[in-house]
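Handing you a structure now.
We call the chains A, B, C, D, E and F, going by the order they appear; numbering starts again at 1 in every chain.
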Amino acid sequence: MPKKLITFGEVMMRLSPPGYEKFSQASSLELVYGGGEANVAISCAYLGMKAAHVTRFPDNTLGKAATQFLRRHWLSTEHVVYGDSMMGKYFLEKGAVHRPSEVIYEREGSAFSMIEPSMINWEDVLKDADWFHWTGITPAISDGAAQCCLDAIKTANKLGITVSGDINSRDNMWKYGKTMQEVIPDLVEHSDVVITSSRGIREMFDIGKIEDSFKSLAKQLIEVYPKIKKVVKKTRRTLSASHHQIQGKIYNGKEYIKSDMLNITHIIDRVGTGDAFAAGLIYGLLHYKDEEAIEFASAACALKHTIPGDVNMVSLENVESLMQGDTSGAIKR
Amino acid sequence: MPKKLITFGEVMMRLSPPGYEKFSQASSLELVYGGGEANVAISCAYLGMKAAHVTRFPDNTLGKAATQFLRRHWLSTEHVVYGDSMMGKYFLEKGAVHRPSEVIYEREGSAFSMIEPSMINWEDVLKDADWFHWTGITPAISDGAAQCCLDAIKTANKLGITVSGDINSRDNMWKYGKTMQEVIPDLVEHSDVVITSSRGIREMFDIGKIEDSFKSLAKQLIEVYPKIKKVVKKTRRTLSASHHQIQGKIYNGKEYIKSDMLNITHIIDRVGTGDAFAAGLIYGLLHYKDEEAIEFASAACALKHTIPGDVNMVSLENVESLMQGDTSGAIKR
Amino acid sequence: MPKKLITFGEVMMRLSPPGYEKFSQASSLELVYGGGEANVAISCAYLGMKAAHVTRFPDNTLGKAATQFLRRHWLSTEHVVYGDSMMGKYFLEKGAVHRPSEVIYEREGSAFSMIEPSMINWEDVLKDADWFHWTGITPAISDGAAQCCLDAIKTANKLGITVSGDINSRDNMWKYGKTMQEVIPDLVEHSDVVITSSRGIREMFDIGKIEDSFKSLAKQLIEVYPKIKKVVKKTRRTLSASHHQIQGKIYNGKEYIKSDMLNITHIIDRVGTGDAFAAGLIYGLLHYKDEEAIEFASAACALKHTIPGDVNMVSLENVESLMQGDTSGAIKR
Amino acid sequence: MPKKLITFGEVMMRLSPPGYEKFSQASSLELVYGGGEANVAISCAYLGMKAAHVTRFPDNTLGKAATQFLRRHWLSTEHVVYGDSMMGKYFLEKGAVHRPSEVIYEREGSAFSMIEPSMINWEDVLKDADWFHWTGITPAISDGAAQCCLDAIKTANKLGITVSGDINSRDNMWKYGKTMQEVIPDLVEHSDVVITSSRGIREMFDIGKIEDSFKSLAKQLIEVYPKIKKVVKKTRRTLSASHHQIQGKIYNGKEYIKSDMLNITHIIDRVGTGDAFAAGLIYGLLHYKDEEAIEFASAACALKHTIPGDVNMVSLENVESLMQGDTSGAIKR
Amino acid sequence: MPKKLITFGEVMMRLSPPGYEKFSQASSLELVYGGGEANVAISCAYLGMKAAHVTRFPDNTLGKAATQFLRRHWLSTEHVVYGDSMMGKYFLEKGAVHRPSEVIYEREGSAFSMIEPSMINWEDVLKDADWFHWTGITPAISDGAAQCCLDAIKTANKLGITVSGDINSRDNMWKYGKTMQEVIPDLVEHSDVVITSSRGIREMFDIGKIEDSFKSLAKQLIEVYPKIKKVVKKTRRTLSASHHQIQGKIYNGKEYIKSDMLNITHIIDRVGTGDAFAAGLIYGLLHYKDEEAIEFASAACALKHTIPGDVNMVSLENVESLMQGDTSGAIKR
Amino acid sequence: MPKKLITFGEVMMRLSPPGYEKFSQASSLELVYGGGEANVAISCAYLGMKAAHVTRFPDNTLGKAATQFLRRHWLSTEHVVYGDSMMGKYFLEKGAVHRPSEVIYEREGSAFSMIEPSMINWEDVLKDADWFHWTGITPAISDGAAQCCLDAIKTANKLGITVSGDINSRDNMWKYGKTMQEVIPDLVEHSDVVITSSRGIREMFDIGKIEDSFKSLAKQLIEVYPKIKKVVKKTRRTLSASHHQIQGKIYNGKEYIKSDMLNITHIIDRVGTGDAFAAGLIYGLLHYKDEEAIEFASAACALKHTIPGDVNMVSLENVESLMQGDTSGAIKR
């Protein structure tokens, strides 16, 4: 019986020029959909889990097409709600070598940003779930979104469902009047697994010093928020827009474990690779010991760099093969 | 020395699935740009006139790409202003036969809707122009846009420049607190040429009765607004989404003249055909007598139905040939 | 509470050259999926019904991608089964005017043709359904498929679910040793609604004479199979590959009612239009009286001719508008 | 044993914007190849004949790619010669309804225009052929091309091979110093079948008067050039760029026979339709009586209007079906 | 006078999502054709040799389109036979970095697998050939295919034509009842050149031990099958799906020669690279000494990794330049 | 107030197969436009300068479309002249790894090659410019082009405008009767900045010996042509068609300064990278000291390798970021 994951957050229309074109030369845009939390759900679904995503779309053809994207990629969409008329969007120009990829967001006033706690019945949504995952993007969008997220986490706690949060957030995303320092800690307090960075821990929780190692910071975080069982970090070394290196690290209250460093020499699409890592972590923690879970997460992350679009569509077999050290990518017939 | 036209209004990104696909099946969207007034300017530029468009775009890569579209299609863009961050957009699903084309607008909060009168120096913009054209869409967008439009018209009056207005508007477009009945008449009062419909005259100006002919309504309109010299109407018979008939009608204070009825049996793209009519009318009135001008306008309108995108790119030679009755579309080698 | 439809049958990969290209010039093929029964389910889903499709796909990436197509287009796929390795396929070359479209099937040995009755638990599949629909294609594929179909129909009868059958079939499809005359009557005997033609009635059931009208043949059919409540026919007049006329006819045991004749002057894709008719009929009979139901079915069928691919994605609003006589296809903003 | 056709003439690279785009909007061009005589050869090859084309291409990758196009479409290319460096080209912008298609040629200085009689050994080329076909385009290109064409015709005469000429030509094509009146008659004198028009006969041969019927002109032509056995004409009625009517007419020295008028209501690509007519005529005269041959030619011509590109790829079965009056284009499964 | 090569084997339709898409996201598939032996023939044809391929295709439009692909790429197809109705196919999902490319075959029941010895007259096919090439795939397909292959080889022996075999095969391909150990040795016995691997020699012929070097195994093979003159191996080091290294090795009964190692750092398409090696070897052995031949083969193989599709289209000039050590890929103007 | 650049030279239509296809497989060609000097102007325009290009196009739709390309990419085209009918063209097949890109030019007889000095009024063109740039390609095209170029340079001298020349040229380009040694020195004599190579200096000016360093050659060049203030060189190390290294070097009469070596590991399009270097140099010398200018030029050049097409569309921000050493290409949100 596959485990079931619930995620919550905005899903945006992603529009990008074909190949390496710039907007200044494009006459068509490739259309997919993506959002940090839904990306995690879809990744887990491709790995064999059950997954449902909760979001709010405009009540029109575009909102329906976005829902259809989620359904196509194996998500249950029965808890999606509809209203208002603007679809969140982001525009992506893909870079290479020394040229950075560039992202322009248009999400102010989106249907999702207008979400209110009364619109979602979390008891119903979470009733047969095993895991709930949130990210630091959602509470940054609007007060309503932040409240919905907190409601979800508290309901998950009540139902005994594991909660993970990927709390990477950027100051410049918080525009509705609250800061991340005011909002994130309440959400983290009720979470079991936290994906973050040294800087994230220092900035969001006022914990630790600049010279503290990630292990030390993770330890301090668990001391303050004792519900947390795992503090996890993904290290990315950006050699160029076409070549990254990835390594996962996990502190489980006792041990501090690092995965192998994976060398992604020919990047196809680096968007959503953090979400692939989170998905790999969730799947990994549900099915393996910590040592293997962090290898699985890193492998999933590495493989996502080769898939166009936001979402990781690799199979369990692909991830396991890389987790076990086969980096050859040798053709399968 | 070619005549120079100035237009003012929002230009939107137009995103549409390829061919006759619906959004529910699209994996890419075709990208062009369009807006009623800019469409008129571009049409006139392809006919050989000089033309500049005044608008406001977001101050980012997308705003620049939109500007580049206008430049590519021969417009001068030196008076475009930039600010804020949202690009106006519309999504178009192309219909056929009994299936209607469907349009979804996303223009609330766009950079253009935030325009303020102080942002544009109309004396400078209009200094060497021959004609200024506006439409009923612009004053519906925001108070700032309406004021800019009125400023432009008054400056044109001061400089002795002909003013035309295409005043078709829809009640449901007016969302910022004013009605079209409050705003449009002030703009029309200072215009020389008005494109409208029987219903438009009755609803916007409280002129005439339901049983009045267009000629009678046009006469009454001129009596109330004596600056108006021509009242023009385009009749469209919609046999199906793939087959329309077009006829132009003009009342010049003395005569009421109708063009031939043109039969567009295989429509490629019907968006912007009204703007092509307006452009044909402007070119026609500048270069021909009224009888020929209305034939020219109808011919330009008919030809636009065969061009993909919002804007009419046909040559003067094409329009003249159709105006003179050659409906054969025989291949040119 | 929307009504729920269950359908059963093969879904094939459809591969066709872009536009009007022939295979002799193609360097890519457009990929969608289709099959008579799934097409009906998807149409009904777009109209607002709940719908699930039961089929068998190869247990590989292609079978999953086909499942994803069904999910994307709103179907529930929880009862799809997997096994063997060949995907049914059809190749379509689209014609125009005097040039016929051409279809090449490759479905022998497909995963679906290997289906066995034990693979599907119909009690479970049908437990909360309102309607079951089958076609004459399924029993022609293999003995296993025919038996599954009969099991489904009998289970539906037991559960009090309405059964409809679209029994158009072609002799040359029956290759596994049985004839349509041996198999179809058993299936029809337990059906409530039958879509057929005069020739179909005469050939499959040995009922009526060549000079009998459809109404007379329908009457005779009901006399022999008294469970049947409606006998329905779609008349297609093929003026050219680009221009058809469609009219629906229904005999309900008392009245013989004809819809308006719809004139599809610019066909985009005629495949699946019969399925769109069947879907319209099912929706119509569930929501309207017979007079309106047959108009609804014809309107749905006509609209499908404008949608690329096998499946009808038009909205309830579109069909109702055409059913009520608006053939103009006037743009919706 | 299939009959063998030899053709001779320039083959150009054809570059055209996708769909109905204009060059002012194109970011890619569709690439095929075409030329009046090669188009005839390919059509005949698709009908089941053997066919070889003789031409001259630049000695580079582009010349090879053009050769590969001919090979792909069933021609023998063993007699193609190579030299110089410029590929003949034409640019095509496809029109619709009232908008004409527009063609821009770039063939001056092409490798073919540099051809010299010594480059081709016609005895060898024609040794096992049944038919040689030429058009009035080739002698208009250069003196060398005209001489090669005459050599071919004379060699064909010597070997007892039937010769047909499609002598439609335009004054503005003749730029190398000779006129069509000086060159064409010598070629026609040795031909058995001539495709032309009333105007063509009057202008090229100084035969007949403006009021003479085609039949009368054909008769006079045969009197002057007694080797001619059939004089053939294709009448095209151009209702719009999207809708033509086609009728074939043949005078065989005794009878004057007209085919049915075919109504091509939705044109896909009208280029090469005259060549499809010529090919149909050749095939028809080789396999049928004159009455059927002219129906076959008209049917082939009509079908070409539905095929993208210059060349007619329809099957013998398609043409025969239309020749026998089935204009329905009903789908073939 | 160019040398002539004959090859024999199945040619499949190859369908693959564009770029790096997975089947789960594709809405179109790129269409080319390929098969190990035809790939060799085409490569040799691009290098300047004459080449004909013998195969069997379904007797329909798809079989003709496949034939047209071979003709386009310079092969003679006069010995292709037609019958039955299924086209062999393979589906390819292209990988990158750690993600493997994945291939799904659908070739059971294909027209080629139904081939029988009586269908091909090898005396006629081989009458003016210089070389016959076969691979270990063909005898794995069906007993008929294996027999045809043996007939061809024996006829070649009789006519004094050099025979090469690329005997790499996989156990899981042999499904018709015979094993590779039963079939391959008979074919090898009559071959002059064998491409294989250490494991291939050990497994197929029960020759050598696990610790034997390739040179030693090659020597033992020649001792058992004295007709063999060259035993050749291509070593591939798979650093990732995007980066391989290639080296060729040849044992000619006296010397054991290795080519330079070529470093393919940015793979475009690795399918067919083994066939490009075989083609390079054939061309090389026909035109150079062994030392150069093995360099030529490696260079041809390396270059194929940069060509999309199954077949190597590089020119002789390209291969010679790389063979001579110019690895710079510097632009040619 | 941005600085204004004027450039002069041919702009060609560039036609290339999609991705890494060869002409032997292409069914469409990607269409952009390019030419060494216009590429420089466009690059500078994207960096924020004003720029106008002077050229001659055919007086037809293709010439207009080329003009529209320049306008789209921010150039002023008011000084473009039109006449004759042939568009210059080049065909590009993109290589990878060991496979070279291949270029075929078709520019003989082009509208630009027919240019005459009387067609351009340089006083008018250059009146408000700050910089004029020419390349060694223009004087190689025709005597008229060479004279126009010299006129432009002399007029620039008269008006006190800085002149730069990128004098790389190839012997095989000079076909109209003059050699580069006869023509280039006169142009260089009046130039302030010269981009060249050691070999260029030795071959064009008969200056220096094979063993002289670039610094020494540059010094000698300035001694002979004292108007020259900077002699600049771009060193390219071609590791493969997919991997280059770039370094800029400048001698300013006093110092010899080298930029960092930039490592372009995943080339997208290497055409126009020299022009991007020249543009970076012009922008750099106008806005920075020499040390930074040469870093800026190298950075601009490196970034162009990641942009499809001939022209560099990167922003000032992108170049400055790389100039300052950020080679990470880290995503910008």
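One rule holds for everything that comes next: a residue touches a chain if its C-beta (ideal position, glycine included) is under 8 Å from a C-beta of that chain, and two chains touch if they have at least 3 such contacts.
All of these numbers come straight from a predicted model, not from anything done at the bench.
K.L.:
So which of B-D, B-F or A-B matches A-E, with over half of the contact pairs the same residue numbers?
P.N.:
B-D
K.L.:
If you take the mean of the Cα atoms for each chain, which one ends up farthest from chain B?
P.N.:
E
K.L.:
Taking each chain's centre as the mean of its C-alpha atoms, give the chain farthest from chain F.
P.N.:
Taking each chain's C-alpha mean as its centre, the farthest from chain F is C.
K.L.:
Can you give the whole-Å distance between the Cα centres of chain C and chain E?
P.N.:
One centre to the other, that is 45 Å.
K.L.:
So how far apart, in whole Å, are chain A and chain C when each is placed at the average of its C-alpha atoms?
P.N.:
41
K.L.:
What residues in chain C touch two or more of the other chains?
P.N.:
22, 24-25, 27, 32, 68, 72-73, 102, 266
K.L.:
Would you pull the chain E residues touching chain A in the complex into a rising list?
P.N.:
19-22, 24-25, 95-103, 105, 170, 238-243, 266, 270-271
K.L.:
Considering the complex alone, what residue numbers of chain A touch chain B?
P.N.:
Chain A reaches chain B through residues 15, 18, 22-24, 26-32, 60-62, 64-65, 68, 85-87, 91, 93, 102, 104, 106, 108-109.
K.L.:
Over in the complex, which chain F residues touch chain A? Could you list them?
P.N.:
On the chain F side, the touching residues are 32, 46, 72-73, 262, 264-268, 299, 302-303, 305-309, 313-314, 318, 321-322, 327-333.
K.L.:
What part of chain C is in contact with chain A in the complex they form?
P.N.:
On the chain C side, the touching residues are 68-69, 71-74.
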